[in-house]
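Input: structures, listed below.
Next come two complexes, and both contain chain A; in the first it sits with chain B, in the second with chain C.
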Partner chain A sequence: MIYISRRTDAPLKKAVAIKAFAILLSLVVCALVLFVMTRLNPLDIYIAMFKGSLSTQRKFWALLQNTAILLCISLAVTPAFKMKFWNLGAEGQVLIGALVSATFMFYIQDSWPSWLLILVMLVASVAAGLIWAGIPGYFKARFGTNETLFTLMMNYVAIQLVKFCIAVWVPNGSSVMGVLNRQTQCGWIPSLFGQKYLINILIVALLTVLMYIYLKYSKQGYEISVVGESEKTARYIGINVKKVILRTACISGAIGGLAGFLLCAGTGHTVSATLAGGNGFTAVLVSWLAKFNPFGMILTSLLIVFLQKGSGEIAQAFRLSDNISDVTTGIILFFIIGSEFFINYKIHLRRK
Partner chain B sequence: MAVPAIELRNITKTFGSVVANDNVSLSVYRGEILALLGENGSGKTTLMNMISGIYHQDSGEIFIDGKEAVINSPKDAFDYKIGMIHQHFKLVDVFTAAENIVLGIRKTLDLAGTKKKIQEICRKYGFEVNPDQKIYDMTVSQKQTVEIVKVLYRGADILILDEPTAVLTPQETDRLFAVLRNMRNDGKAIVIITHKMHEVEALSDRVAVLRKGQFIGTLKTSETDAQEMTNMMVGHQVSLNIERPEPLDPKPRLVVENLTVVDQDGIKKLDNVSFTANSGEILGIAGISGCGQKELLESIAGLQPVESGNIYFIKNDGEREQLIGLEPLKIKELGVALSFVPEDRLGMGLVANMDLVDNMMLRSYTNGKSMFTDRKSPTKLAKQVVDFLEVITPNVFTPVRKLSGGNVQKVLVGREISNAPSVLMTAYATRGLDINSSYTIYDMINMQKDRQVAVLYVGEDLDVLLELCDKVLVLCGGKVSGMVDCRNTDKHTVGALMTRLGGVKA
Partner chain C sequence: MKKFLMICLVALVAVSAFAGGSKEQAAAEGEFAKIKIGFIFLHDPASSTYDNNFYQAALQTQKALGLSDSQVIFKWNVEEGAPCYETACDMADAGCNIVFADSFGHETYMIQAAREYPNVQFCHATGTKSRTEGVPNFHNAFASIYEGRFLAGIAAGMKINEMIAAGKFTADKAKIGYIGAYPYAEVISGFTSFFLGARYVCPTATMEVTYTNSWFDIAKEKTGAETLINDGCIFISQHADSEGAPKACEEKGVPNVAYNVSTINLGPNTALISSKINWAPYYEMIIKAVAKGETFATDWCGTVDTGSVELTELNEKIAAKGTKEALQQAMADLKSGKLHVFDTKAFTVGGKHLTEYLADVIDKGDFQPETNVIVNGVFIESGEQFRSAPYFDMLIDGVKKYE
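Presenting the complex of A and B:
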């Protein structure tokens, strides 16, 4: 008979071993699936996958840049999720941040010095994200409104707003916003040491450290944990729960807005309705997988971006359907998430 | 001698490095009530959980009616007709009593037949259950009755009750005991865990004692007394007298005037309550459950909206500060501490998933101007509480959910007292605590007297209330029905005031 019990102690070494084994196993399963479906040598496919993100310097930096953006959005959702405020609106918070940045670039063009424009864009984008999450936060704190639906709906509002602005700004009807300030590069985050994305990456790295310290050592971070674990206790102890909910939602949105700023000012220098590209939802996964630990999130976001890029590459290289990459990504994530079960529970076989 | 209903042989169970049960051998017979005694964390719940299929022993055997039994799940236990009433109820709130009782039994849902059978069981043993009542509408005692009927309905004839009286009022306890005696006379085997010595003496036929996971021995209840049982539990001689030092220079500290509280449903919970609590005195608050003790304490702590009245905190220089309308944190900063031990122990005041240190910090994290938390002093405090109250835990970085119920509570009460308050309010501070820890807590409360603290002590045990407190305020239906001096009053007077017999007129 099979009998499942909770592990009373899961030593770190064992947990790491189980995870590593799960990843290995997922690669084997992926290989099998790929082989059955395509008759290609799985090894070739894996090599192509690595090449997809690591073969050239440019690809390598793009990998880091995408990781930084995903990590930034994951950092955004983390405080909210830790407080059990299910912020599914990161997508919209990022978009609105990017839209505000783009608006400044569009209207100011090069009439301000670049550094001033960048600074104003930064502040305005952060404020926009803050408001975008602050509204559902306020309603949750004040009226107990369900934040899951509310934040989700705010995504669609943001998407429509972006579409509207583009329609107004691009009268030719193509609905595609070109790169803004291409000539002057006014409002573009400058390169550092010749690397276009280095400043983006450094900003997110700094933010990761700050978020770790904030959650672990600050009084506000402690309040977030208490409210998330037990609202009743929080209230009993005298924590102003409404204030904490509102504040944390705002922080979450503000960082989302920052990610939007980085996407617009530091990456594409434009805005589109699909700019966030589902990262607002992927971020939730990144954050959960890392158990809300910002440093763990570096690894999980890197892994996910790596998988996405690699599978895109194999789809191209072997002329497979794009969907094949989703299948492999899915399998690998399934195994990683599934391994949690074996870390937390022990399975015994016993005579009956 | 007869074959025991349950015989445990050399049972050992460990959780990681904690040995919860160490080579325990124990028998329970039909037609007897066995009281299982032991300090908090001595492994009583764990031992019983193995009989009821929640855990499986690392080694040792269980025999049921002389035959070896393999119990791997609650279902297996149920097949052996073993039923356990846990400390925390496992009922579905939105279902009725009858629905909960049949839940999980594979049969067509014949509710009419079920109700008839429930009524039969109730009549046979003397329960009162309304099968159509929803669980969320029930008092704790009613929920417990449903749990008991549930296991009887499933045909249990070995019954295990884990601290069933910890959350009951004395009247409810008496009713439960009458039922249990009926069951014993019906030939059932009953194991009951309780920390209250007078209950052991009143109810049980034999007692079995565990200490630190080890089996110490069994005694016939008629041949022993509270002192001997306590000594066995603790392992050395303890004194069962509560000291009551004379208050030194009592001065008014907290003045409550005409306090009226109305709850959300418009029901008056407190009606024109006035009293004064003095520094250096312990003021007991007595009353049957729901008489307004909780609302009173919560109003003082700023957690309960107040309809009318005044609550004044009187500082050392005689200045009066109105507490009504202040934020809970402000009231705490004035030195008014509240430790309320709820019926589920956790839920108010502690965070189950946080370790001891972080739980200590709940009260102190706002201290200081820095935006960062200081974990040094809470760590020190956690260590002190663990040492002083003998909390059984691997270390102070263990989440409190891993501690046994009584130890959780020591952490909670220890934290409140250590806060050096000038008004200390505690409710049910010893709820579910073993006798040794209870006395440690009484000592701690007595020490507050020397520190000129005004103590408000809400308790259920009238004997303790009268021994420990200087005065007792009796509440009945939200009104003050009397204030008595404990040095020259008796239990019956207070008991009568609790039900307003002979109390002041409304």
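Presenting the complex of A and C:
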């Protein structure tokens, strides 16, 4: 009756059409589910969803800011994943970067000029993230250890380190750091044109372009894709696989550390064990959905943040539990991921 | 393909039409017409008794003052970080004149938002910084919950006396177990006042405390209760937010006292009573003040008198005879000032009665104690005089940590 064949030649137009159709279909299913569960008008719910990120200027900037952070972490995991180095440690690399930034803010306070402090924090955070991914990278290159587990475990080390530092710094035992340097604002990334997140956004935008060029046009980017496709081929054509693995893991971690710096110096001015908020894992989804294309990742990360913000707004506007909005986000993502199948495979109906 | 698309669209429109237009809430009229208040919660009230306590009080206040749903907005699961600041600002943008946050860690983010919106009142429960931060539209609030715990302790002590009289154990074996969240002042002040209440009626009582290092951990609280019971505790109380301990007590048949919610439904044969903070009086006070354009306390502390500190329903089935009357008497004595929970004559630290104690009341972020809080032989715990958030952080004689 039905048989399925693989295709790799789906024209872009068709692929876009399939995706758009999947999103539309997911909205219909969501509408039905929401209506059955809450008896609310689905149109009102969708309007609220847009209000979540577009109703005020602040919300719009918050949308861009959160997208920038998620995108930054996605850029971090991309080279590693492209090389089939399963870096599940972005969460920890971000955290350790933020922790190092926070450490400087906590001990230096305002005894250095702000620009110097920011610069030192930047370098130190990037270095910390680099080391955090470099350790499993080294073990993978040198001893062939499993990087999936290793990077995952490094997350927990980072989380415990953060908890430990906070316990030492905040002796009242409340385990909450609070905003650092909130009076002097020393070490805070300054506002640009009155927008305090603009510098964050510009840094990530620049990084996106650089990552695209790096992966697509540089020799190192080429090496990454060859090692990812087949290590044996890479070795055969004379690529130093160990070096590429270590270098790529370090780049991945360094960008994670940068995201941590942006979160601490440019966003919350604090550190907490939940600072990365699962973005280290969401980033994998973002990266994969965009097929490791940095420009595609702008769209996928924007979509995910938009859905998150919209869900929060729905819960608030209709006094629903947050869980219901997780359901809708889940349905929408399910359809988008599912649509990949119809892009990569063709379904034939055999007629009698 | 196109046909299918059409069907989907039609379905979407049909469902929308069927669901009908949105129900517009009539805006409240009269004195509170201009009020809009936003609530920021750390967790979901469905899973956290702590947040639920704030939520229920908000609903109660909304009803009492006749506010519409659009005048009272809620945001749940707001982390103690930048999301708190963003949410507080969003609420101010949405026209709220009051924004309230319920968790200790929200404080610095509320201050950050308060600086940006000087015409909006930012209120924060359990915090310590409003007196020192110099941001006039930022407020702290708490309640003298130690009074409530003291009263619950009296109910516990009477139950213990009854068990001693019934020959279940001898007076020297009257050991209470306490499951605390973190080893800091709010918790220590809580179990000390509870213990002093119990000892007020049962002088031989001792207490053993274990910490879970979490505000909400059902499994840890349950095993904590079981460990203490196995260690010989004949009564259990808790300062953590899950139902773990009351459930363990019901299984083991050990009477217990809970916090914030009545647990009689969880343990009909063992749950005695709970003390709780009722936030409705505070909410009403701030809403009324803002509606009239008046200023209100920078650092507010509710008491038994304001209706902020309450006891939940007493489980008459298991309570000792005369408990109700004794609680009424003690409450009257607390109100009149005849009885003080932290009377220095009632407890010793390291074998000595205190005459002076420096507490870190002024929160400059240095964690250095600087203020003597013992006045006329009484340790003045949270109140308007020094600070609303608790600062009693000593382990008194008779209480020890479970090791």
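Methods note: the second predicted complex is superposed on the first by the 349 of 352 C-alpha atoms of A that agree within 3 Å, B and C clash if a C-alpha of one lies under 4 Å from a C-alpha of the other, contacts with A are read in each partner's own complex, and residues count from 1 in each chain.
Convention: a contact is a pair of C-beta atoms (placed from the backbone, for glycine too) under 8 Å apart; a residue touches a chain by one contact, two chains touch by 3 or more.
This structure is a prediction, so every number in the text was calculated from the model and none was measured.
When the two structures are aligned on the shared chain, A:S230 is found in touch with chain B, with no touch to chain C.
Shared-chain residue A:G238: touches chain B; no touch with chain C. Counting residues of chain A touched by each partner, chain B versus chain C, the larger count belongs to C.
Of the two partner chains, chain C is the only one that A:A31 touches; chain B does not reach it. In the superposition on chain A, A:N41 makes contact with chain C only, while chain B stays out of contact range. In the superposition on chain A, contact is made by A:Y222 with chain B only, not with chain C.
Touched by chain B in one complex and by chain C in the other is not one residue of chain A. Partner chain A is touched in their complex by these residues of chain B: 15-17, 55-56, 70, 72-73, 302-303, 327-329, 331-332, 340, 346-354, 358, 361-363, 365-366, 370-373. The touching residues of chain A, when paired with chain B in their complex, are 1, 3, 5, 8-9, 217-223, 225-226, 229-230, 232-233, 235-240, 350-352. Residues 21, 24-25, 27-28, 31-32, 35, 39-44, 56, 58-59, 62, 171-176, 178-179, 182, 263, 267-270, 272, 274-275, 277, 312, 315-316, 319, 321-323 of chain A are the ones that touch chain C when the two sit in their complex.
On the chain C side of its complex with chain A, the touching residues are 1, 5, 8-9, 11-12, 15-16, 18-22, 44, 46, 69, 73-77, 79-82, 85-86, 89-90, 93-94, 104-105, 107-109, 111-112, 182-185, 360, 367.
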